[in-house]
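In the part that follows, the structures are each spelled out as structure tokens.
Each of the two complexes below includes chain A, the first together with chain B, the second together with chain C.
== the complex of A and B ==
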């Protein structure tokens, strides 16, 4: 019985952390779907979002919901500018070249944050509440709020993609950019929009992480392996797959504690990538 | 009658010149060292990464001392050149940085070295090149490694800090300790020190060594609380310790929480929030607040508030290195490490707390004993300091206050 309770608690913890991972994982996969590039600078944009929220919430004392919106806009805009300056000129080269350049871009952005805010750790000014207890399972209210915010962000993206002309255009470019171009859709504008939304979501993910963890320039780098694992497991380019992948990685990392010492929890991300590439090369939901 | 002044034969002149050249060549390095060029000191600092909070301040203090010395004419007529490299709190970057300091900058001493992870691979490089390392890195293993005396540590080894926290817990009646630390070179030593102090007195110690790069530690906290500890010891960095503390608060944990010096800092309070951090203790190696060196450092940094141990150690390290060069009249790693142990580190000689007074006394031919801002700076053969100050503080109203 105690084992069942422990497993249930770990699954709850995993779903909560998986939902947070899902937001930047969607960013990663959305950018891949539209531009066919793996952009590792998602990690730095997670940090940009966290710092944007820190300035809005802790420095100016504005509510956290407003801080999340600011984080979305700031990360999105920085994403568009950084892509225009650093990655767009390289798109005619191989995907590997762009991926490596995105790692360099990540380092540059992290160091700009370090220059602006120093290495000192920071925190958001939000109250910390005691856990809710359901039988033997306890849940942190903040984690539930984070879960809800993550679900709202994902639902908004689904709605945009499914029900709006812009979303339809974005899906068209993701399917076949040349055909979309012939049909009068400007792939360049759509790419810019995808980067704005993707990096904006990465920024929102940064805020959700910062609600639980301390803010410092490498906050995004600390989760990027799990984010990448979630996107690969879901099938790069597959948005519902990224969500499912993130939940599996989140729960998998927590359940691993039943068998492995906690110091090896990070290995789960690596293991997931290997398993996904061996057995689900197109992701658990398959690529569109 | 001969006039001695002008009566040099050519042969006598040649003999004298040859003799003088030979004498200069075979003379102790003392004389030659004064003539060979600037005194080169390296700072292997964690300017970025987890240690990036402390590295830039430490480098600035050491540079300020070097500037003071150079403004007064240097040492033995030579200027001091101070080179800083960023180890990024990362062993790989640390190795590249120390190689640059030794191979390119030709330093005779490497100071700073805050992270044990960086000190482990860089110490062998230093002693094999006969470069003295005066470090902060606290892992016990460093003093146990072969180093031929080239390792000196101004900080207390980690196990001694674990013992101090153990004593603190026992004094407050704790019987069940739980140790939570990030995976790093000192976590095992800290745990060993804690166990060696409390287990013989009947207390138990549970432990978790976690991956400090994660952003959530909820399940780790659940594992710790299952053992119903009455003292939880935090041994990570401010960022992971703050996340853990938030989860302990959410779980309504009512026992004692005491953290290691690198975990419980003003950054920890900022990241965890005043509400969550309230009541957390820290027992950490303190500084020699009543020493002359400490007061000199306060003047140098223009502050009257409490100076942390990293600042004080950075100040002591540069003072020790420069005074050792002046006392030995040699700018070599061997001379520095031997002179610090034999003379500058005391206990004999006139007590000094700053480099300028020390240099003056040395130039007057007097013996000095440097009494530092962090400790009395007396070193054992293995490089450790035998005497250290500890301080207990508690977070109250968002501030660390002495208890």
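== the complex of A and C ==
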């Protein structure tokens, strides 16, 4: 019985941390879907979002909801500008060259943050609540709020993709960019929009992570393996897949605590990547 | 003087890493972002054998090479069939796990405290003269590996690797066992990187999980891209250029007053990252591009005559 409640508790925790992971995982997979590029600088944009929220919330004392919006816009804009300067000129080379360049871009952005904010650990100012207790399962209200914010962000993206002309155009480019071009969709514009939304979401993910942990320049780098694992498990470019992948990674990381020391938690991401690639090379939601 | 010698020794270590990466990525086309894993296992193996078990340094170094090669072959089994972008992500994860092991298996690696007092190769030499002798050894090792790679590149084996890089399907159709060649390339490359790690460990005399710093991965890729991917001369030249750039930034930031140590470090990383992008945008094939052998197609009329 003890074990059952422990597992239930871990699953609940995992679903909540998985929902947070899902936000940057969607960002990574959306950019891949539209541009066919694995953009490693998602890690730095997570950190950009976290710091944008820090400045809004802790320095100017504005509410968290506003900080999240600021983080979305700031990291989205920085994403577009950085892509324009650093990666766009390379797009005629192989996708891999761009991927490697995105690692250098990541280094640049991370060090701009380090220059401005130093390595000191910062935090958002959020009230501390007492845990809610359901039966024998403890839930931190902050985690529930984060979960809700993550769900809202994802729902907004799904609504955009499903119901707006822009979203339709984006799906068309992701599906077949040449055909979309023939049909009069400007792939360049759509790419820019995908990067804005993607990196903006990465920034929102950064705020959600920061609400739960300390802010430092490597905040994104610390979670990036789990983010990649979620996207790979869902199938790169598959947005609902990334959400499902993130939930699985989140729960997997928590359940690993039953068998492994905490320190190896982040190794689960790697294990998930390997299992996914061996057994679901097109993602859990992919067609065989 | 000591400073120059130390910098050049690091240049040699980077050159070894770049030569190993050139074999994996430049020649065979396998993007490996896990190179620090081989570097670390080489360094740790040699450190553990010599500092804990008191084996001779040469034995430690050879074991470091062997472990790097084994790890390279092991990577091949799980990962090599993956598409480029998946391979990049998976190997990055692999290095991450290696870093976790180095941090947490304290019985083996002494955790974040690291292993100190690693015996040096020329134990009786002190200070300056040790550094000089070690630099010569390091450069000799680089020269030997470089020569071996030049031979390998021209050999039938090297030609198959490049064929696999350009089109694995064609190589397979020509009856080449692609997987076997890729495994050998990763094993040899891993061995070279293991050697680089061992050379590092016995130079510094200390090894800790700090060697998994992401900058080193960037430096190695920068060295190879700057020098010219696929070209061994480019790999070595690129490595020494990178060391000069990395050290040069140290002097550049000295002219900017009133910066904290963290800010100075950040600016140096920033310059290197920007430099990487500038090089890639302007000289995508590097300063010493790989010489692609020209294939002269048979003249048209001779083909026509046969019909």
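Note that the second predicted complex is superposed on the first by the 286 of 288 C-alpha atoms of A that agree within 3 Å, B and C clash if a C-alpha of one lies under 4 Å from a C-alpha of the other, contacts with A are read in each partner's own complex, and residues count from 1 in each chain.
Convention: a contact is a pair of C-beta atoms (placed from the backbone, for glycine too) under 8 Å apart; a residue touches a chain by one contact, two chains touch by 3 or more.
The shown structure was predicted, so the numbers you read here are calculated from the model rather than taken from an experiment.
When both complexes are superposed on chain A, chain B and chain C clash.
In the superposition on chain A, A:140 makes contact with chain B only, not with chain C. Of the two partner chains placed by superposition, chain B and chain C are both touched by A:261.
In the superposition on chain A, contact of A:71 is made with neither chain B nor chain C.
By the touch criterion defined above, A:174 lies against neither chain B nor chain C after alignment on the C-alpha atoms of chain A.
Look at A:149: by the touch rule set out above, it reaches neither chain B nor chain C.
Looking at the shared chain after the overlay, A:273 reaches chain C, while chain B stays out of its contact range. In the superposition on chain A, A:248 contacts neither chain B nor chain C. In the superposition on chain A, contact of A:114 is made with both chain B and chain C. By the touch criterion defined above, A:129 lies against chain B but remains apart from chain C after alignment on the C-alpha atoms of chain A. Among the listed stretches 63-71, 117-125, 243-251 or 315-323 of chain B, only 117-125 clashes with chain C once the two complexes are superposed. Across the two superposed structures, the residue set of chain A contacted by chain B and also by chain C is 111, 114, 118-119, 261, 263-264, 266. Residues of chain C touching chain A in their complex: 31, 33, 78-79, 82, 84-86, 88-90, 92-94, 96-97, 100, 103-104, 214-215, 217-218, 221-222, 225, 260, 262-263, 265-267, 269-270, 272-274, 276-277, 280-281, 284. Against chain B, in their complex, chain A makes its touches with residues 9-10, 13, 16-17, 111, 114, 118-123, 125-131, 138, 140, 142-143, 209, 212-216, 219, 222-223, 254, 257, 261-266.
Put simply, chain B touches chain A in their complex at residues 48-50, 52-53, 183, 208-211, 213-216, 218-220, 222-223, 238-240, 242-243, 246-247, 249-252, 267-268, 270-273, 275-276. Those residues of chain A whose C-beta lies close enough to touch chain C in the complex are 32, 38, 86, 89-90, 93-97, 99-101, 103-108, 110-112, 114-115, 118-119, 221, 225, 228-229, 232, 236, 261, 263-264, 266-267, 269-270, 273-274, 277-278.
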